[in-house]
Amino acid sequence: MSIWEYANPKKFVETTTPLLPWTFGLAGLCLVGGLIWGFFFTPDDYRQGATVKIIYLHVPSALMAINAWLMMLVASLIWLVRRHHVSALAARAAAPVGVTMTLVALVTGAIWGQPMWGTWWAWDPRLTSFLILFLFYLGYMALWEAIADPDTAADLTSVLCIVGSVFALLSRYAVNFWNQGLHQGASLSLDAEKNVADIFYYPLLACIAGFVLLFLALVLLRTRTEIRVRRIRALELRARRAEART
Amino acid sequence: MKALILRDLRLAIRAGGGFGLGLAFFLIVIVLVPFGVGPEAAVLRRIAPGILWVAALLAALLSLDRIFALDHEDGSLPLLATAPLPLESVALAKAIAHWITTGLPLTLAAPGLGFLLNLSPAAYPWLFGGLALGTPALSLIGTFGAALTVGLRRGGLLLSLLVLPLYVPILIFGAEAARRGGDGLEATVPLVFLGGIALGTLALMPFAAALVLRINLR
Amino acid sequence: MGLVVLGLAVARGGIPVLDGLSFSVPTGSALILRGPNGIGKTTLLRTLAGLQPPLAGTVTGADEDAAYASHADGVKAPLSVTENLAFWAEVYGRNLPQDVFAAFDLEALRDRAAGTLSSGQTRRLGLARLGVIGRSVLFLDEPTNSLDAFSVRLFADWLRDRHLAAGGIAVIATHIDLGIDAPILELSPYVAAPDASGGSDEAFL
Amino acid sequence: MKALILRDLRLAIRAGGGFGLGLAFFLIVIVLVPFGVGPEAAVLRRIAPGILWVAALLAALLSLDRIFALDHEDGSLPLLATAPLPLESVALAKAIAHWITTGLPLTLAAPGLGFLLNLSPAAYPWLFGGLALGTPALSLIGTFGAALTVGLRRGGLLLSLLVLPLYVPILIFGAEAARRGGDGLEATVPLVFLGGIALGTLALMPFAAALVLRINLR
Amino acid sequence: MGLVVLGLAVARGGIPVLDGLSFSVPTGSALILRGPNGIGKTTLLRTLAGLQPPLAGTVTGADEDAAYASHADGVKAPLSVTENLAFWAEVYGRNLPQDVFAAFDLEALRDRAAGTLSSGQTRRLGLARLGVIGRSVLFLDEPTNSLDAFSVRLFADWLRDRHLAAGGIAVIATHIDLGIDAPILELSPYVAAPDASGGSDEAFL
C-alpha cells in the first residue's frame, strides 16, 4: 500500500469525502477564533492604531498566495513524472484559490497602505513581485482554459508552472535589486528579535492556521469537483461513442 | 450581422479568455512600464494618462490581425463574401465584435488600473470618456487595417505599421483629455474631437474595409 | 432559365487562363467541369460565383442565388457541428433544417467541436452548409476531396434528389466520377493562348 | 539548422519587410510615446531608457506568434518533427531567426533612436549592451511561449499574457542598466545579471520549447 | 526486414480509435489502408510515424527511416517550388536530385512561387518532397487528394518504379484506387470497442 494509491480519482474522492467537513469545520474554527481574538481582544498598536488589525487577514493570505503556487509546482512535477490525474487536477483546482488569496493580500495591503504610507499603491519590491505573481496565476489559468484536451492542457500548464516558478523567483530578486522598499521585512521568523509582540503573534498564528486549513479545504473541494467534471465528460464521451456505433 | 457578431464573440470566448485576455494584457503593460521607467510616483503620475492610452492602443493592436486572419485561413471569407450579407456589414460586425472583446473591457477597467500608476483622481472621468469614444474608433480603423493585410504572411507587424499612424490623432486627443483633466483643466475640446473621429470612422471605415476586402479576395 | 455563360474569359494572377467559354446549365441540372490540374477550374468557379471579375464575357442567372464551396471548408474549429451550421443558416436568414444532419451523416457528430473531426467528416460538414443555405445555384470546387466512397454517394444522392430535383443548378469541378447524370465540360480546348489579350500586364507589352 | 534559419529569414524578407518591419514598429512606438506623454524634454529624458526597453519588448512580442503559427497552419510542423533535425534544434533555429529579424535590428538601432527621446549620452553604451544581451533572451523565451500556444486560436493575446511576466526580470535589469548608465553610475551588475539570464535561457529554453512542441503535436 | 506492427492500439483526443492491429510490410512493398471517414487512418499513420505515442503495441523498423506526408503539404507560399524542395533536401542533408521535377511534372513550375500554384500543383509539390528526402519508409495520408488522373498515375509510377523498386516501404491511406499492386488492409474490423481500455479518461470511469 503506497501513498500513490490515493492518486486514483475514485479512491481520492472516497477518502476525502469524510475529511472534507472536518477540514472546513476546523478552518472555520481557527479563522473565526483567530479573527475575533485578533480584532477584539488585542490592544491597538501604539503607532499604527487599530489599523494593525488588518494584519490578521493580510499576512495569512499573502503567505497562502505564495504557498499555493508552491503546491501547484509540486503537483505539476508529480503529474509530469508519475502522470497521476488527481495531481494535475489539484494543481488546476489550486490556481483560482491561489489567485483569490493573492487578490485578498493585494486588497488588504492596499487598504493598509493608505493609512500607513499614505498611498494605496507603491512600486515597492514586495508589492510588485506580488503583482507579478498575480500575473503568473492569470496566465496559468488562461492556458488551462484555452486548451480543449485535458491531458494536453495538464502537460502544458505543468511545464508553464515550472518555467514560471523559475522566472517568478528571478523576478523577486530583480525587483529587490530594482527598488528598495517601504514594506516590512520578514517579522515572523521564529528566532528574530524584532518579532511582533506576542500579543499580536498568537492570534496571528491562529489566523494563519485557519487560512492554511481553508486553503486545504477549498483545494480538496475543487479537486473533487474537477474530478467529477472529468468523470462526467468521460461518461458522456463513452455514451456518445456507444450511440454512434449503433 | 447579429449572427456574425455572436459567432465572433463565441469564438473569442471558446478559444479561451475572450474578454479577460485583453484586460490581462492591459494590466501587464501597466505593470511593465514602471519597471522600465522606475518607480517614482511623481514621474508615474506625470506619464500615467499617456501610458494608459498607449497600452489601450497596443492591446487593440495585438488582437487586430486575428480579425480576418482566421476567416481567411479556414476559407470562411469567400463564403461570407458570397453570402447575402453585404461585406460592409461583415466589416462592421467584425469591428463591433473586436470592440466588445477588447475596447469595452479596457474602457471599463482603465480607471480602475489608473491607480497603479498614481493617476490623479481628477483625470478619471476624462480618461473614461476618452476611452469610451476612442476605442470604437481604434477597432474600426483596425478592421480596415486588418482587411488591408488579410492574406499577407507576417501580417502582424505590417498591420501595426499601417495602423499606428492612423491611431496617432486618437492617441493625441485621448491622452490630452486625460492629461488636462488630471491638471484640473477643462478637457471637453479634445473629447469633442475624439467623438468626431469616432463618428467619422464609423461612417467611413466599414466601406473602406469592404472595398479592400473585395480587392483582396479577387 | 438557368445559368448562361457567354464568351467568358478568366484570369488568375493577372494572366488569362481560360478563354471563349460559352455554356448554359438549365434549371434542375448539373454541369461537371473536367480538366487537368492547373487548367483553371478554380478560377472559373470563382468568377462564376462573382468573387473575381471576368476578363470578358457575361454570366447570367447566378448573382443573387449563387453559393460557392471552395477547397477550404470555412469550418470553425472551436464551434460544434450544429453551431457551425446554425451560423450559416442565420447568415442566410433561414432556419436550420433538421434533416440535413441525416443527409450528410452528421447525426452522431452534432455536438462535437468541428476541430476534432477527421478530414472527411470536416468535408461533410462543409458540404452540409450547402443543404442549409438554400441557394439554388451551386459552384462546387472538388467537393468530394477526402470523402470515402459511401460519403461520395451520400453527397451525390443529396445533390440529385434534393438539390437538382428542386430545380437547383450545380457546376462542379471534380477529378472523380460522382455518379450523377450530368454533362461534362472538358476545359482543355478553352485554354487561353499565351498571347491572349486581357492580362493585367497588357498595357506594358 | 542552418537551412531552417535561412529559410525563415528568406520567408521574412520575401513576405515583405523582414528586418525593416520590426524596426519600423520600434520607431512608431518611440514616436507615439511623446504624443501620449507630452513633449517636455526633461520628462522624456527621464523615461527614455524605460520606454526604449518596453518598445523593444513589444516589438519582439508582436512577432512572436508567427514563429510557429505559419508552420502549424501549412502543416510543416509535423514534417519538421519527423525530419532528422531534433526539435530542440528547430526551436533554437526559430529563436535565432526571430532574433535576427527583430532583436538584432533593434539593438543596432536603439542607440540611434534614443536621441528622439533625449536619452542622455552616457546611457548609450549601457542601452546597447543591455539590448545585445537581453534581446536574445527575449527571443528564446518567446519561442517557448509560441511553442506553448501553437495551434491555439487567439494565440496572440494569450501568448503575451504568458510571456510578458517571464520578460519582467529582463526588462528590470535592462532598463536599470540604461538608467544607471544615464545617471553616470556604474551599471555592470545588471548587465552581468542580464548575461546570466541570457545564458540560462539559451541553455534551457530550447529544451522546454521542444518538450512543449512535442506535446502540442500529439 | 521491413515494417512490423504488433498489437497496436491508437487513440485520438484521448479516446481509443483502433485496437489490436498487427501487420507487417516487407521491404519493397506497399500497404494500402482502407476504411470509412473517421475510422482512424490519419491517427494510425501519425502513430506509425512517431508523432504520437501508441496506447499499446509496438512498431519496429520505422524510427530513423520514416517520413510522413499529411493532408497538409507543408508548402511555403512565398518560396519558389525549387526553394521549397531545396529546403527539405538540406534539412535531410541531401542534394536536390534534378530528376524529381520531371517525375512530378514540376518542370514548368520550377521558379513559380508556391503560393500561386493550383491545388493540384501544390499537392504535386508536396509529394515531390518525398522524392527529395530519400527516406525509405513513407507514411502517406491521402496523397492523391485533388490530383487529376494523369498526376495520380505519375505518382503511382514514381512510387512503384523509384521508391518501392529501390527497396522502400509505403503505407498509404487512400479512398481511391492508386493503380499500384499492393495488399489492402481494411481497418473496419479493428475499430476499438467503446469501452476499450487505455483512453486518457480511463481513470475516471
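The letters A, B, C, D and E name the chains in turn, as written, and every chain counts its residues from 1.
Just so we're on the same page, a residue touches a chain if its C-beta (ideal position, glycine included) is under 8 Å from a C-beta of that chain, and two chains touch if they have at least 3 such contacts.
Please read these numbers as outputs of a predicted model, since none were measured by experiment.
Contact with subunit A and subunit C alike is made by B, E.
The chains in contact with subunit B as well as with subunit D are A. Contact analysis places B-D first among chain pairs (by count of C-beta pairs in contact). Of all chains, the one whose Cα centroid sits at the greatest distance from that of subunit B is E.
Set against the Cα centre of subunit D, the chain with the most distant centre is C. Each chain gets one centre point, the mean of its Cα atoms, and the points for subunit C and subunit D are 45 Å apart.
One inter-chain figure worth recording: subunit D and subunit E are separated by 37 Å, centre to centre, where each centre is the mean of the chain's CA atoms. For the pair subunit A and subunit D, the distance between mean C-alpha positions equals 32 Å. Listed for subunit E are residues 13, 71, 77-78, each touching two or more other chains. In subunit D, the residues touching two or more other chains are 11, 15, 152-154, 158, 161, 164-165, 168, 172, 218. Counting only residues that touch two or more partner chains, subunit A has 132, 135, 138-139, 142-143, 146-147, 178.
Across the whole structure, chains are in contact as follows: A-B, A-C, A-D, A-E, B-C, B-D, C-E, D-E. Here subunit B touches subunit D in the complex through residues 11-12, 15-17, 21-22, 24-25, 28-29, 31-33, 35-38, 43, 46-47, 49-51, 53-54, 57-59, 61-63, 65-66, 70, 73, 152-154, 156-158, 160-161, 164-165, 167-168, 171-172, 175, 179, going by the rule given at the top. For subunit D in complex with subunit E, the residues that touch the partner chain are 2-4, 7, 10-11, 14-15, 71, 74-85, 217-218. Of all the residues in subunit E, the ones that touch subunit D in their complex are 46, 49-53, 64, 66-79, 83, 87-88, 90-93, 129, 133.
Within the complex, the subunit E residues that touch subunit A are 13-15, 194-195, 199-205. The touching residues of subunit A, counted against subunit C in their complex, run 148, 240, 243-244.
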